[in-house]
């Protein structure tokens, strides 16, 4: 199997002199042409992060052979790493409740090819979005969440996700709190959109909180989900102006656009393996 | 004494039908020409807010006569109101510590005439800014604040403010917490700049807090000072992007520009009597 | 027929003293409660512009009776005016070619009720968007445009628009230039989105032009269509950052989001009768 | 002479495989620690650009020795390159006319140390800014420009610049057009701020042009000066919202803040050697 036109190398390791030299020398030896490269040395953790996109036009190897050649180097520097076809599509499930603005946005970016992923299916605790998802030819799993038996519902959610062989879970305004064990299993692979400019207004009804406080901007934050509500590593956020004449409904309306935009940008960064989690923060190699 | 070219009318009162009609009819009777007008009905408080700028070219009265004509109407509708020369300069004191970026910005806008106020003087607990202020021909009161006798220092600050006959106090990165009684006396007339996007990161070292949380934007908030720290009515705020490669020092650097800009905009809104305080929120009639 | 809960008054007239007084006095006499009001005196044209939203809870008239009462006043001041149910839906046709990001965005805002209009149908010179529009239950008129007989195509477009009884035409990346007579008939009612920050990069392939010039932002502009290409009155515009590493394709990608957002905002302003055309400029009473 | 704590390497060369490997291998051999690195392959020109900041704590060489070691590699790859103390201050002259908002901003960033440069002096065709510059202890050369003998004035400007041994010339709202030969001699080292969002509104009175066109944003652009007016390579630009109620004076006022901010950011990028000129465009390695 020949190499894909471009391969992506993502790695992190303890920081020391010579990492870039070793990696780029190997890439040059294999006749790889670096088309995009970013690295970062995190001072607090003394850890090094790197992402490279390599054009393979002059390389005469299989992907597995490239990995073989890379392995000793990865061991020497104690790297967490992945090396993959840049065009690889991650398998994604979108979870949604009734609010469908983020879902609509993601479905559009998916069907137009703007975001590069395989949409395995949509899971919802409601039926509202079923027919729109169906038009896209995408499976829709309706898993109701009963207040007195959430465990059963989340077990069903997890089975569905495992059955679909999901890599990345997107909470596109899914108004349920995932159980900690699910968060742990898919750590760094569940992306939520919270409708506030975190850390302001954690928890329910953030626009109501924003209205009460009288802020002049409302925002949205996309982050990896952890066991602690709205406290996971932030991937991306943005905000838009509001003013005294906006009531909560109007804040919600203008906020929707920010939510959809922020979630889409965060998902793109994740799909392109541009995000590294380091403690409760992220390193993001933006395009 | 003839009328100034433009007069400014600012009022609030319990909301009911006929306020705009009554006010605008009176202005028309007096041959005033409305050049800028804004009003707002606050639903929660059922209160009405209005600001008008009136060209007086065709009016044949003194300012006091206009006020006389307005008084019965104000009583009828139970208004809080003021009617003044639009060009009137409020008397301002700027309080500063060592960080001088906001001070530099305000001094420039003052000396260039961009912001319309009388700068009575600068008060500081340090000497760092003295010579720069002196170049402007502006009095500089150095009032050191000793940890074990803050009361004495704030009494001196208050005396200085009273002696200068100050209307509005600007805390341009003044790193001291004013005592509650001073906040009360100058309620709605002390403007602070806090170096975070409130309500995120209340209190000391907000950039350090922001760095720890891993946010992707840092901001600044200008608000009226109340007895509760960083919790007063917000006038204006803004934010700017940051990322993983910024350390705290770089956050502080990019944040400075936002702080200076936000404070200058908030002060302009205040000087032009565009801000109404309603509970812990503001109505802001932006230009 | 009782009055709707809210009525909207939009007017412009030669500027003079007493307009606001006359209008607001009449509204008060009719027991109307002003919930939103904006006015503007344009200095160059000496023209006055006003928009009011009036709560009718205490009014005991029909809409036609209110209009009757308003008519003498409108004549006295020589007003262009309209007085309508605030909730009235304008009848809209969307014209689209192959690029469907703006269409997708508008369809979502329409079906979710975020934008208040009646979607009479979609006209396209291509078939690409047909099935997606059909899912919405919206008519789709495919009118191909042949290079050598554009007149016939535009005649068909016009017949379709007349048959659908259209008020407002939205060019949602419709890649054809409408004939001047159509622009004239629907003057002030055809809204285009141009994919540049006008007046930069008029005409075809603006992202290519932007790439060649090496600008650091790309933008989009929504304007009323006039006979002169991309030169009509601007309603709304916005821009987003780009940089040296973006090729034209990436500029196009990030630009799409700006285009959709700007067009949606412009359409909202138009639907809510917040836009006045004055020469080749607009007065926009934003919410 | 020991190495400074950090050195900066900036280079460009024809693109080919192995450049990064060669450079990073050499740096590692010399025990340099890369703390910041960016590169870019320009597709149109097939040219490669790189900027590295290297911590020298473990290097045992002089700066000249490092250059010696680098020279063969530079020759092999046909590089344009520089290798310098990262903390090196470029010698700068600021040229200004009457508008002093950019000057005030730059002087503040200079005296606070936020921008790292040596301010050799200020040149002006007016006396307005003299005393403010003098307060800073900075030389002020008043060189009047007579309409009928501009050549003499620009000869004097050039002599002054040469006498001050200037590296970088900043036109901080200098309202004179420099002669082509001066632009040529200091090619890539004269930075102008133009008060429009280029390429919109080239030439004089851009705010008036913007007002006439009815745009909804006004902006500013910082670019390297070339013989063609306002057409040189763009370094940085930004814009701010305006609306129908702003007259030209208000556009000028809100534009000033954008001008000062854009010029300061562009100058920072230039001082830190983050900008490469490639034809009429720039590669900018932002921090």
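Letters A, B, C and D mark the chains in the order given here, with residues in each chain numbered from 1 onward.
What we mean here is this: a residue touches a chain if its C-beta (ideal position, glycine included) is under 8 Å from a C-beta of that chain, and two chains touch if they have at least 3 such contacts.
Keep in mind that what you see is a predicted model, and the values were worked out from it rather than measured.
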Under the over-half criterion for shared residue numbers, do copies subunit C and subunit D use the same patch or different patches to meet? same
Computed over C-alpha atoms, the centroid farthest from that of subunit B is that of chain A
On a C-alpha centroid basis, what's the spacing between subunit B and subunit D, in Å? 36
Taking the mean of the CA coordinates per chain, how far is subunit C from subunit D in Å? 42
Residues of subunit B that touch at least two other chains are 245
Contacting residues of subunit A [partner subunit D, same complex]: 17-18, 20-22, 24-25, 27-29, 31-35, 37-39, 41, 58
Which residues of subunit B touch subunit D in their complex? 36, 100-101, 104-105, 108, 112, 114, 132, 135, 245, 250, 253, 256-257, 261, 287
For subunit A, which residues count as touching subunit B in their complex? 40, 42-43, 197-201, 213-217, 233-239, 243-245, 247, 280-284, 286
